[in-house]
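Below are the structure tokens for one structure; questions will follow.
Naming follows writing order (A, B, C and D), and every chain is counted from residue 1.
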């Protein structure tokens, strides 16, 4: 009796004596799959419907932002950074610009800061609405998608009316917000200040957004089937979330009420009143619920900001050619998906020496193998959707 | 007794039933597109065929058909090719016994209900064949889920029908309709009511839940589950075979609704319409009832999310089957003791 | 705090029925869809649709081509002698624009070129209907870019409290 | 944690930098060298203490939120990117940088270990923070830094069989090499600087 045979016999005996065991099947989910939100691949070992392990394979969308940053000037980089997380472009522009401003010692005027705040919150609403619309779709409910996206369109119209872009505003400049186009002598001075009627339109749109959250409540939040699919599914306890670097609504849904808007004040968040939403459960339902409530909080912030926006200039004096003095800085902000930060190293030139991008979804996704161990295939979809990642943000 | 007329009769009936099935399936597809899109606050099909995009299902079918008919490399070619035929044939076979009017029925079998239950389950065999033979893991899982669903839901479905059969005292579908048309006397008042209103409401709910599960439509569409298994057992199908599955799915929806309408809503019969009028209007009455039930199924799809396979099993074994058993007991008790 | 559970209801599964009622209501509501080719939404004046060029204003300073992050602007020019501004003055040269092309298959609509142009030769136009079947047609030359100039809208009026006041 | 910097508190008349105070104290306790600029605390530690420092920062200092980990290539041999202002002051080295912060306030620090280029090996901190696995894999991809103890140091971003480490300064960026810069045509000088905005001119 040779060794191999003996080992085989032993294995089969163990298998029989423990329970009827089946061989695990490798299930490739993605890179092209309806619920991966882009090109993400999950190599899952499944035993029937039960997942024994999941290995996410990422990098299909790796665009090398950190390398690109080294060959681009600061102004050119501003146009790129809003494409990292494309559903909340403005929110990822702000920390980068603030990092450059701080290194250069420039303080943007107040009005610009408030405009930044309003636009950040509008993008937060837009991003969360993408989530609240597409998440029920993962669970098979198609209708919320249309009702929520219909109202999101109004937010996008506002963003476009202000910045000219729907997704990639490229509206921040070092020292303030986007100036008049050109700077020539002949030019009629076109300022990129708030267009007439925009503030009123914002108020009206916020009403619609609130209405839309109520519709979401009717269609999704209270739905018993939705609850059956999400309550208690994909539980991430707070300490695990912290260990894996989860941030934003994912962290807050795990019972850790940490919101950078209450700690980092490069935008005047200290002058507006809002609540940090958190939920104790750490399951898919809480992650959904936290985002839905955050839309309401953001509406509150926007409405307050509209009333508080001061008069004044839009741009501090900044050199036309940005030469950033030598130094290192880390600036982070509360992106709709969590902590979004830039570690900027300047060696004193027109281009960054090194730009480390702390993208939120990368960390948020890294918990997937841990949380999916032992889940069912349908739960995989539910959990993956509830983490609300954008593949551009994962792969950078 | 097999004469030339027999075959002529059979051929005419087959063609008629086939035409009815395909026509109604196309209408159901169109209805789904339109109903869902309006519930989602959008227009839906608009251009095909001119007004309101009425030709969209035809356009879809034409588009599907002109695609290349692919058979995956590792597939069991014979089984893979045969599966859609089984699905369509099984669905088609159910139309044979459904009475559209007192006289318009392809074959009024004595064991009509029994035949229906047997034949409608064959659909799942086709689905299982498709899932297994596709050599695709998604398809396999979809097929297995479909099989699991069949086992879980065949029982409550049958039990709900048993309750009706007990009350009607016959297994012939025409007989069941006539039993509903027969007047019952309650306190000196003689009225005739469909079974839904005479004590079969529980059976009706169970029947509808089970038939939605058997049709694998939302909230029980796990065998297809686009966001999980891409398209389940349909993943590898294309061209004509996909079209057949597609049509079969909607035809099954029609046939299930027709069965439910016959068993619980009185089929081609409604109160206060004379026997002779029923001969002519019976089909329209039945179709109206079918439309109502189909609309309900579409409506559910446009609103609810999907359950999980284990939750479905849980629901079937822990709730529906005991309730259905109890229901049969109660009905039998009333039938035997009270009336 | 998690969401409050549904209050007791006369029906089982109130959430399911509420949702059904919601979708039923929408079945009979008029649809807000804009039927695109027949109807068109008017884009906002600031919309970044396509870049228009005023070739008269361009001095071939190359600033836009240099600042473009995607390197999608191609400019060629030559110097041309020009009559002195006053009789007996110094002969001057003027830059003539020969080629100005924007490759819209590369362009990412960041607007840096419009912003850096010191002579107001570039403008944003909200036009967006210039998709083609051929990627080569997305390279818009001087004349095509000039045609867009007509579509450049007046900038929107501003809220009163801002910089301009 | 009372020694966390409090950003909400307005600075007093004499310039008191809470970040500087917190950073130096933190470095003292953990046994490193602190550099604080622009409210960014950098703590340089020896690579032999790497895992230990991270563990102590988590357990003793309350910096339990693992934010990110990356590498930096300090190089004179620059193929790509901006030239360094004073290249001679630069020491050729890799740095591994890890940011830890707290989920209760603004406290946070960047821990940095320098590695010689010919021996870019450091212990993995996956034992301390499970989330570090992906970040270490990324740094391995991008810089070729070895993390001993990482359970799965396979490429995360790069495709199979990719040669080279893209974020090295010596790694050329092909997209910028194959196409000539359209801005190189010889033309007139820049126009005079307009009055506004003031500042530096075109180089």
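In this section, a residue touches a chain if its C-beta (ideal position, glycine included) is under 8 Å from a C-beta of that chain, and two chains touch if they have at least 3 such contacts.
Just so it is clear, the model here is predicted, and its values are computed rather than measured.
**Q** Can you check which chain pair, A-D or B-C, has more C-beta pairs in contact?
**A** Counting C-beta pairs in contact for A-D and B-C gives the edge to A-D.
**Q** Using mean CA coordinates as chain centres, what's the chain A-chain C distance in Å?
**A** Here chain A and chain C have centroids separated by 25 Å.
**Q** Measuring centre to centre with CA averages, how many angstrom lie between chain B and chain C?
**A** Using C-alpha averages as centres, the distance is 53 Å.
**Q** Round to the nearest whole Å and give the separation of the Cα centres of chain A and chain B.
**A** It comes to 44 Å between the two C-alpha centres.
**Q** For chain B, what residues touch not just one other chain but two or more?
**A** Touching at least two other chains: 39-42, 302-304.
**Q** For chain D, write out the residues touching at least two other chains, lowest number first.
**A** 194
**Q** Where in chain A do residues touch at least two different other chains?
**A** Where chain A meets two or more other chains at a single residue, that happens at 143, 147, 150, 179, 183-184, 219-220, 223, 225-226.
**Q** Okay, what are all the chain pairs that touch?
**A** A-B, A-C, A-D, B-C, C-D
**Q** For the complex, which residues does chain C have touching chain A?
**A** For this pair, the touching residues of chain C are 1-3, 6, 13-16, 18-19, 22-23, 26, 32, 43-48, 57, 67, 69, 108-112, 114-120, 122-124, 155-159, 161-165.
**Q** Provide the residue numbers of chain D that touch chain C in the complex, in ascending order.
**A** 179, 181-183, 185, 187-188, 190-191, 194
**Q** Contact residues on chain A for chain C in the complex?
**A** 72-73, 75-77, 79-80, 83, 111, 143, 147, 150, 157, 160-165, 168, 170, 178-179, 181-184, 186-187, 189-199, 215, 218-227, 279-281, 285-286, 289, 309-314
**Q** Can you list the chain C residues touching chain B in their complex?
**A** 16, 19-20, 22-24, 26-29, 31-33, 35
**Q** Over in the complex, which chain D residues touch chain A? Could you list them?
**A** 7-8, 37-40, 42, 64-68, 70, 72-73, 80-85, 97, 99, 103-106, 108, 110, 129-131, 133-134, 142, 155-159, 166-167, 169, 171, 173, 176, 193-194, 196-203
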